[in-house]
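Okay, got some structures for you below.
Across the two complexes that follow, subunit A remains constant while its partner is subunit B and subsequently subunit C.
Right after this comes the complex of A and B.
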């Protein structure tokens, strides 16, 4: 009677590891540049960007993902979701050993999800909120028991998002201050060897990796170079082979792309999907008026910002959900704010909203807070300032350090408009809902709903989409949701950043997952 | 014996300095006439090389570099001069009181001064801006805060030598109060080293302001030379003029101030100059 959807994932190794291993050149050392140096190597307690760039090579996830964000087998050979969506059964590989030689079993999955990630991981707390237990009927079966369906979990099981930890190591003592936080032990293609502070982390090939013949590389060195132009020079000279996620300034990446030995890829941010936005304080006049918010969204010249600040590494955002979700059917476009007559529309909306131009040509003024992430944000603020001057809105820029800015925006709500950088992450439940859901208006919690806008309809649509296991039905819910958010425009969604990853042509298959530089590099090899 | 003015103006290096500073002052005052548009306005194609439609080219967002240079002279000079005035006023007060009173007050004030002197001044300025948040007023406050200690020490030293002179003792005998003696008798005699130190301080203030702006800690709504260098440094290899133009302006201005400052020093201390 209980019909079961079986999402059969055929034999794991066949898909990836089974590629003709002989065709690739084994050996070699790949040098990756990561900026800044990670504070620790404990991906189970921090989502700090540089940590994952190192640890995703050391740990494995239950699943991996294709560029369409569809799951592929990894530590789990297959999984099966019950028809009511309340149980997910994972069949685990039997031949996996951690770097210390101990076998990987369902006990480790249970410990990782219930003890490590659900309690400590900044996003795991939300991802695994509805997991009530992980059953372990035998060492190679793990069953997630859910209080309500949570399709987001199947998007969040990569080695970057949910690294599987050995219980016999991280289960000993307090996980928050664990001795192995800076010398991680996992089951991934590379094992940790050495971390020389301020210089590099060295990872060597895991000779007992469960995908036979992999990894191809003998060694992976992650270097930390504080100065941006030195990083660019190292890549230019071939001293380093891969760098991404802002490690290379956008204009340098554009220049490096012209060199014959270097390739610049914009793939590998499909599970991160960063969006540049302008967030309004919707409780503060005049930004409590949707027409004003829409007018500002129309006025910003997205294409100019993409070309002159992000140097082409981006595309205009079409709404709250990134176009990276197009292959999985969750993307929908909202109002098009890039139309040719956008400036006239903006002027008209402001007239309608009751802000006519005064004698001096201005309508009103406000202070624009700049995201304190670096100079491209200052330049973006200057562009917004000039764009809004065209529609009679006078903008003063304010630049503060990160803690002050976070407190002003997410605790005190003492702002009018701020630029912001929010990631859609692998699923809208993780990266999108937080921006506009009423239960995410939480003073003191950063990168949630700082505009304090919400509506019962959009809340209901998000709540439905979060438990809807059918992708097509989810897509329909999100299409309606995107349109409603776009009409209210609590946030002006400006552009989707496509982080450039700079790659040496001496190596192939380095960026072959939607996680990009957060991938495990198992199949990377010399030319 | 030659007069101050003949000694000062008889120095050709002083002329060079004065000409540049006079030019700069004129540009700063007439900035809105010379470049009527907002220097932040996007007026042309980004990164246009000098010599075309825009004499000194455009920056990464298509802003006119010449307009930036003109308006920047105003911001840069204003911040530097104001900061110096504040630093001189406060430093003189502390130094004069400490030197004149001596004893415990001197000890306390000098330890206070040393406290400020022991903190590396540029790092201190960065911390102050980080705490106060970047704006034109806070730049003045930060630069003044890190610049006054040398003034206090110079003034104290001068006051110490002047106060033991006979005319001061005469004033005491005549029944003048402490404040009157300090202001009317002592301070006028400390002016020459003060003028020299103060004028050189303007040069330091310009450099500190530029360095802070370079690091992105300048006032975000104010076009200054440091801001221009900071915004242009990422493009040094493809658009040399973005850093070179304001860089040369800073170099020439600091040089001019130093020439004039040295000229003042020579004119005010003729015996040193003759050595």
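Right after this comes the complex of A and C.
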């Protein structure tokens, strides 16, 4: 940890895509479908999923990331972490201009991190918690000063997670109700032109983009179509060219993949890493018993759910941390709940826990709440219901709308078991800790530790991993952590969803980052 | 003299609607308080989780930390100067959001009214003239089938047939977002996009009006005044067009007025299928987001629309049937 840790990045922008600018065909309009329509275009105050799909094209981040989650230069040409991990120095590009023509400087970085993200961004509040100041010795150097090391920051500087804002625009007036919340101004490859609510957002090529020759596309239109069948029809007919992150139902994605003009890719969720879970209320009997929780985790047929509900777009989860973290060394598997004799094991665990089968063959019953995110969640609930019937547990399903469900699960804790959909995000500190850390048991705060389980050992492991700057050492801490969590199983980690992205073959290079449809599409071009 | 009394009648009717609309707003405001969960939780939920401080901060900003009666009082006070508030979820004033959706809504409603009333009346008229022939049976059976078919299914089938298979019309949206036509090209483009949603939404009402028109025509034809007219030696054709048709229209027009409210509701489905940017979809989204400022604004605007349409219907009566006096 005291080792000097330097990571200088290559200067040449051309090295980025590795593609010569002249070889690609310029021009054309790409039509993207995003579902649902974003509530606003203010990624600095909301991380609502559809917002980033639009704004990641308009703003730039300090860094970009490869599929191995390793940083690449963007607005920052290079960065250097001090030996104690308490200072990160970014060297900024000198040729970057915002869409209004004003230059991008370290002042903008300071404003974005300290005033916008650290105070208002739902995740930025946590990511930048330990940043005490951003120093600006000159217009092209920004130094993050930290109260303790925070390796998570270097994973959270993409244009999606931490968009760099022009201070001269967003620094004027109240940022929470800013006039530009719906007409964003950034430095990205596309500039905002028009948003017709209920229809589309139109973005045109930024002719002064700092990567010369890019973007190739003249225009990007993001359309909003509320009905799933119509979205599929629009893609099939070629009226729209790209849709991802659940915008196309899984069975339709499978059907569309058979068409000659369409391809379906499962790349582009490496930095999102969504996991389907069953969360237990560990303060409520019988789910206060780890054996019962493990038994249920064994009983759920993950492969069946993947094939029949998610139509093959997923793989069994091996623990609290997604296997997408394998390349960066942070992944480790916990107890294997997919073993062949899992049903026998589940039965045995329930016998041991003191829930023998009664005369009618059942052991106990409970109400299973379903994540209100659409039809596949109802199907998944039915699978859980059937799987648990096999081990003598009777399940009744309950489906409510989102506000009601959030209140029931995260405010009133008035549930027994609920399905849930949490993202690991670019780093476990952001997406994983919140689910099981004791300091995240907060009534009224959604998508945190709703099982209310925690242990001093796992808390300590997470606290250590959060400040450990050496990836290998972090990986060891997380391996131990994953094992401990799977022994307690406050949550049954069911499967990792690989969202299908449906793409027209007319366009190439659309999904070329681990952020997928949250990428900036600068290198996307016509065939 | 007559136009003067008509003017004062309209003015009086408009005055009478003010308490109606205020009542609608108050009732809706209180009803919405009963729904569990609030905008702050939804915003935090959409964000994939947020600290408690963030949620409390949101609630204070939305004024939700105040007692309900104060919130209601504030809302009503602002409403009197047509300030419909701010949609925190959409980061825009409610009035702007509503006005942006108003013209697509009126376009769809208007074209649907014209098509469903026009064709419905025509089909009802023909069915009545051909009563108890095979043509009448075809029209009546077709009307029943259309009336009983769910809107969303009709919409999806039309997309499948006319967009995907025949490739005549666009699947969805209001205009071509690759071309962005201008001038007359744009008018034609929007008209092409309007066809399928209008047909879908019209079919249901068309069937309703056709059946009503047919029944109404048959009833009028049996009345004494028709016998009188025939005794006077008027031709069948003249009796039908001059007398029976005009009188038979009255119930259909009444029904059309009553159905406007329903038209707004039915358009939620059609707007969703065809991605038509109208008020219905906005209402649907804001309900699930608990965006009450916006939702109340939509209720307010719908109430105003319904009142205006019904007033128009009452005025049309006068022209259709000189016996009806206003004032």
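As a convention for this text, the second predicted complex is superposed on the first by the 520 of 527 C-alpha atoms of A that agree within 3 Å, B and C clash if a C-alpha of one lies under 4 Å from a C-alpha of the other, contacts with A are read in each partner's own complex, and residues count from 1 in each chain.
As a working rule, a residue touches a chain if its C-beta (ideal position, glycine included) is under 8 Å from a C-beta of that chain, and two chains touch if they have at least 3 such contacts.
These numbers were taken from a predicted model, which means no experiment stands behind them.
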Combined model on subunit A where subunit B meets subunit C, clash or fit: fit
Partner chain(s) touched by A:386 [first = subunit B, second = subunit C, both, neither]: first
Touched partner set for A:255, first subunit B, second subunit C, both or neither: first
Touched partner set for A:322, first subunit B, second subunit C, both or neither: neither
Which of subunit B and subunit C A:411 touches, first, second, both or neither: second
First (subunit B), second (subunit C), both or neither touched by A:158: neither
Residue contacts on subunit A - larger count, subunit B or subunit C: C
Contacts of A:401 with subunit B and subunit C, given as first, second, both or neither: both
Subunit B versus subunit C as contact partner of A:105, first or second or both or neither: neither
Partner chain in contact with A:370 - subunit B first, subunit C second, else both or neither: first
Gap in Å between nearest CA atoms once subunit C and subunit B share a frame through chain A: 6
Contact residues of subunit A, present in both the subunit B and the subunit C interface: 401, 404
Subunit A-facing residues of subunit B, complex: 38, 40-42, 46, 60-62, 130, 133-134, 216, 220-221, 230-231, 234-235, 237-238
Residue ranges of subunit A in contact with subunit B within the complex: 228, 249, 251-252, 255, 304, 308-309, 370, 375, 378-379, 381-383, 385-386, 389, 396-401, 404
List of subunit C residues in touch with subunit A within their complex: 35-38, 41-55, 61, 86, 88-92, 97, 100-101, 104, 152, 156, 159-160, 163-164, 167, 170-175, 177-178, 180, 271-278, 281-282, 284-285, 288-290
Subunit C partner contacts - residues on subunit A that touch it in the complex: 29, 31, 36-37, 39-40, 42, 46-49, 122-123, 125-126, 176-178, 181-182, 196-200, 202, 221, 223-227, 229-230, 233-234, 236-237, 239, 401-407, 410-411, 422-423, 434, 442-448
